[in-house]
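Okay, so subunit A shows up in both of these, paired with subunit B first and subunit C after.
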Partner chain A sequence: MLNVQLCQLRLNKLNPLQALILFFSITLLTPTTVTAASENEFADDSWDEIVAAAKGGEVNWFMWGGSDDINRYVSDFVGGLLKKRYDITLNRVGINDTVEAVNLVLGEKEAGNTDSGSVDLIWINGENFRSMKQGDMAFCGYLDAMPNNALIDWENDSIANDFGVPVDGCEVPWSKAQFAFAYDEKRTDTPPTTIAALIDWVTKNPGRFTYPAPPDFSGSVFVRHVFYHAAGGVKNLLVDFDQALFDEVAAKTWQILNDMKPALWRAGRTYPQSITQLDQMFANSEVDITFSYDPSSVGLKIENGSYPATTKGFVMTDGTIGNTSYTLIPFNSPNKAAAIVLQNLLTSDEAQYQKALPEVWGTMPAIDLSRISDEYKDKFNTLERHPSVVSEAELAEVALPELQSSWITAIEEGWKENVAR
Partner chain B sequence: MHTLREGRLKTDMTTSVHRTQSSRQTPAPVLLAFALMIIWLVLPLVPIVVWSFAKRWFFPDLVPGEWSLQAWQYLFSPVSGLGKAISASLAIAIPVTLLSCCIGIPAGRALACYNFRGKRAVQLLVLAPVLVPGIAVITGLHGIMLNLELNNQLAGVIVAHLIPALPYMILVMASTFARFDTEFEAQARTLGANTFQVFTRVTLPAILPGIVIGALFTFLVSWSQYILTLIVGGGRVVTLPLLLFNFVSAGRNDVAGALGVIFILPGLIILIAVARFISGRSGIAELPSRL
Partner chain C sequence: MPRLGRLRARKIRFQRLTPWLLLLPALIVIVPLFAGGLAAGLLRSFNYMPVIGLDSPNLAAYSALLRDDEFLPSLLLTTYIALTSTVIASLLALGAVLMIRRLNAGRSLINFLLQLNLTIPHLVGAVGIVYLFSQSGSFARLALHAGFINEPQQFPALIYDPAAIGIILVYVWKELPFIALILLASLQQGGEEFEAVARTLGASRWQVLRFVTLPNLLPALLASSMIVLAFTFGAYEIPALLGAYYPAPLPVLAYRKFTDVDLASRPEAIAISMIIAVLSLIFVLLYAHITRRQIEN
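Entry: the complex of A and B
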């Protein structure tokens, strides 16, 4: 890739200064071309060769680190298997926000570090994936060499597209998630189960509902649910950004949200800044409804004491938005083989099943369960969810797709302009 | 006070009352800082300690619904990486403190006792890292560290921490030296002390409370860095704040509480250990009698 670009440069224009720069660029970039060559190698390499190259190495996985359960699963279960079977050391690096890892790679790229970056794997999706892909910071095109790629259904739109951005072999799906609400049985008899009913419920129960201010991830998804509702369904919205359509639907959405405002917590004068804050307000009975993009989190939060034991998850019958999260190898990772071996392990039926156990994490598998071994098919079929978590069947029934990032950004900006002030 | 008066009589009758009083005042701001630090360190400890053993603690309950050791069990399991994080934090904060002393003491003296061209500019530069938030310069700093090949290792993180830490040391030392009368050094020299003796017997005891406070500030500034450590350390240098902030931002008050207790301990231990140096009972007041 780089070689081609350089050649074109040379052919097109050539003054002495550029020639000089070119000369030094080529000298400096020699190691890069070697990496570029080995990049292609992975695609043709046999799996055994990749495993052999990874043996005895390490992999630095940057991921949100705020859940002891997830940390335990990754460090103990995944890290243990990786060491035992492949002699690879897993270094889990906990971060507050995925964008921190993206910025780290970006900083390295700007400093010209193309082959010895500090990040080998990132747990990622959405906007951060778009940054990595558009910034040429993702390592792509090796999936065919990975045996468990066969378990992934790339025909499925919600796998092949990450918030509307085609994955193009640049990341590997890890978990599926779907938005779900939660209420406390002790405080609320029957929660509203459509967006229209929720709007009604908010007006009848003033001060008992609010949502985190977008661009908070969860607050932004909540606003999109209202946007879908205002549009009369998501069908028309699954296209490239359309300003006229956006203006029409957005006007209705802001109307609904502004009408709701006086009945919100603190009369909508202020909003929680993060989903964490909303969760704590819910736990402390300041509001009666909370939500999460990870439906299994209700179970984990009851067990770890963050939520009252009487909390129940529920969904809207007119649909809740789902997404997939992935793992991605940055272009300058020096441990690509080890990272690929880790990705392969993560997408195995064994690791996906362990992750789906309610006491471990309870999150939904990203692999196609019709393609896995019979042993694990049985296991998945008899898997019990945490009693307070919405069942997978119920979730699947109401699943809605995510919009393309361009829509999401426009909605977030519009909310700031029209609702926040 | 008693010692002071005797000492003054014994040594130099010409030392003005005003001068001596101004030296005697040194402990006043020191005591205030000490009191503030005690409040700052001890008061938040109470709910933090309770939270670390709490489960299902919701408003308006005064005590947790359940008591639990789950936070501590997690921290003491290998998953948490607590042991490594504590050693990394110490391996950074201690060198940062020592280096800050080496740079900050002479720099503070220069700023307080001497006039030179561009002094204002230097003062502004010294203050700059305090005025400009670290996050604003992190990208540039990351690039510099990459070019120097200091990224992803302790040494780089130590250098990076010096940036926010040094101003505190220099400013504290500058204000300490502003209240230090260099005439004392001259007197000692007149009485036959050599340079080394002047420093160890006159200057050092006089500025010790300042050094201790400056060092404490420096240690705590380094001890609590998050983004500088994450970016410059590249995930290879995992310190306590990296573990702590994960759980704070995730709203896990129990784990955050337990980590918080561990996080606050060194500051508290150092403070207790050095309390006598800043209690005002030592320093310039005892000087004359010793000489």
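Entry: the complex of A and C
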């Protein structure tokens, strides 16, 4: 009898209607008091005042949670320092897609919640940053109060513009990333090193390649590589969105991707839903090529045993796309001071160096290395990369810029309409 | 005497009120969350949200869904998954229960095994199915070692497949014990006397099953399978983890639209959720109708 009750309880809990209703009522029941928060309440505060205000606070940091190494760095290293030095508790909230955090803030804004939001910091860039900025949902204009702002090179276009949208003091750069591919030497003799060669390779090796369905960010950036290839280079595309140009290049892109389909994994009838799934399929020898917006992940995955030691990173000689990612405080965060202290810590030479260590994360620093202390300059200079990871110089040589986010949205939509089904 | 009468009247009135008072905590939770949330969702699906300046309700989200190429395949797939899982789980549960009651020794062990996975979450079940049945899972590896296949692709695609076999496997695995449990409970409520009576009156084993046991079990079977049907129709996590990319079942489609960068897709996402809610409601009403008829007969 007890068992029957128990399982009724379980079903009640999972009833789709209730789940749905609970979901909506969260938006409905949030407090609707509206108080005008000044845009830069911290601009005139001294750093000590901000640190004092932040003491004992809590930061809910929403970030992509698909990498154990990144999660460990954030929770253990950053969270540990934050607690020890500033008495601030870091809650890392793992999400699958940054748009989930953007939607949460948007829902709160619609419900009139202007000062007690649930998100204090978001790892963000591109179209999500554009949404936050357009919707007036970013907290801006406090950067001068942050000591480590001095380490950031705002003269650099790839820092001052996030996918073509000016940052305008609304977010703080955290990491640089550049797309790279990986293959297993044991399974593949010579990997294709141009997009054209890759397309050819796929048709000659049926079933051994696929890409995650956009809007997964890695799948999306793979499709953009094909888009650049179809356009004959990125040069013409670095403008405001142009429908005629888009239609022309997109038609060629869909043609290439649809021609490729019969030779993809499962004959292109379905796609992996995330980069994590593609990585697992590569590790299990279901496909022969994987890729990542984080080239150093190959080294980490060899070290933790998920990839074979014969895995090698490689880049396309016609270029791979790179970008900068940022952290942003939503306008209605109730813990802004604590979030600013966290951003300052994240941009310190100490935290950026730890992040660059190949055994920790191995990602490129977003601060200007000519401005940091001599101690860390030396450390960065002697940093060793994992032998299987593409070298920094090789990456820099082939770096391609990202498009403005309006292009990216159009490409993702178009892929869904023309290739996915 | 009049004083006593008043007291008694008050006591009776209070006794009538007591059930309501006791229900109050549950009602406080259910009414605002359930009715309020449903109403808010309904308004949003009609594009009505005065807070952000949408003050003329319309059916744009619903008509956009009808024009969406993915909606109909998605609806059909969802119905197929829910119906197939429910029918298979119900039949297997019915068979299992009829077998179990014939056991003497080992009955409690079988009961325990049957109920064990009620405590395991769907998500864990889904991960288990991936480990076992994917093209690089345990069974594929065994097949490789045994020489049945030479590479992963030759193993039949059971996960992320258009026929949704992986999804149905998880649902059958998880819902079978639930239905069986309800059936066993219902059997224990005095079904055996009727069977004994039928046997003493000369009914054959088949006749007892056909005219006594099955009619006796039917209300419980219908009740539990309708719950399963409504649940599998609206559940998100299993199809999200084990489903093919296109077409996606309705709950997954709703979530994709809700998280679309284009905010105009949000009313469509909520419209899909409303359609799921209405269809689930229809299942429940249908169930109520059928059981009432069965009981009347």
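One rule holds in what follows: the second predicted complex is superposed on the first by the 378 of 421 C-alpha atoms of A that agree within 3 Å, B and C clash if a C-alpha of one lies under 4 Å from a C-alpha of the other, contacts with A are read in each partner's own complex, and residues count from 1 in each chain.
As a convention for this text, a contact is a pair of C-beta atoms (placed from the backbone, for glycine too) under 8 Å apart; a residue touches a chain by one contact, two chains touch by 3 or more.
Keep in mind it's a predicted model, so treat the numbers as computed, not measured.
Chemist: Once the shared chain is lined up, is A:Gly207 touching subunit B (first), subunit C (second), both, or neither of them?
Modeler: The second partner, subunit C, only.
Chemist: Is A:Ala150 touching the first partner subunit B, the second partner subunit C, both, or neither of them?
Modeler: neither
Chemist: Just checking: does A:Ala251 make contact with subunit B only, subunit C only, both, or neither of them? Give me first, second, both or neither.
Modeler: neither
Chemist: Check whether A:Arg269 is in contact with subunit B, with subunit C, with both or with neither, and answer first, second, both or neither.
Modeler: second
Chemist: Would you check which partner chain A:Ser118 touches, where first means subunit B only, second means subunit C only, and both and neither mean what they say?
Modeler: first
Chemist: With both complexes superposed on chain A, which partner does A:Gly305 reach: first (subunit B), second (subunit C), both or neither?
Modeler: First partner only, subunit B.
Chemist: Between subunit B (first) and subunit C (second), which does A:Ala52 come into contact with in this model arrangement: first, second, both, or neither?
Modeler: Touch status of A:Ala52: no partner.
Chemist: Going by the contact rule set out at the top, does A:Ala420 touch subunit B (first), subunit C (second), both, or neither?
Modeler: Touch partner of A:Ala420: subunit C, not subunit B.
Chemist: So in the superposed three-chain picture, is A:Leu104 touching just subunit B, just subunit C, both, or none of them (first/second/both/neither)?
Modeler: After superposing on A, A:Leu104 lies in contact with subunit B but is clear of subunit C.
Chemist: Shared contact residues on subunit A for subunit B and subunit C?
Modeler: Overlap of subunit B and subunit C footprints on subunit A: residues 97, 100, 103, 110-112, 284-286.
Chemist: Mind listing the subunit A positions that touch subunit B in their complex?
Modeler: 60, 62, 64-68, 71-72, 75-76, 91, 93-97, 100, 103-104, 107-108, 110-113, 118-119, 274, 276-277, 279-280, 283-286, 304-306, 308-309
Chemist: Please output the residues of subunit C touching subunit A within their complex, sorted ascending.
Modeler: 32-34, 36-38, 40-41, 44, 49, 51-52, 69-70, 115, 118, 122, 134-136, 151-153, 157, 160-162, 178, 181-182, 185, 227, 230-231, 233-235, 240, 244-247, 251, 258-263, 270, 273, 276-277, 280-281
Chemist: Sort out for me which residues of subunit A touch subunit C in the complex.
Modeler: 1, 3-4, 6-7, 10-11, 14-25, 27-29, 97, 99-100, 103, 106, 110-112, 127-128, 131, 207, 213, 215, 265-266, 269-273, 281, 284-286, 409, 412-413, 420-421
Chemist: Considering the complex alone, what residue numbers of subunit B touch subunit A?
Modeler: Per the touch definition, subunit B meets subunit A at residues 54-59, 65-66, 68, 70, 74, 77-80, 139, 142-143, 146-147, 151-152, 227, 230-231, 234-236, 238, 242-243, 245-247, 249-252, 254-255.
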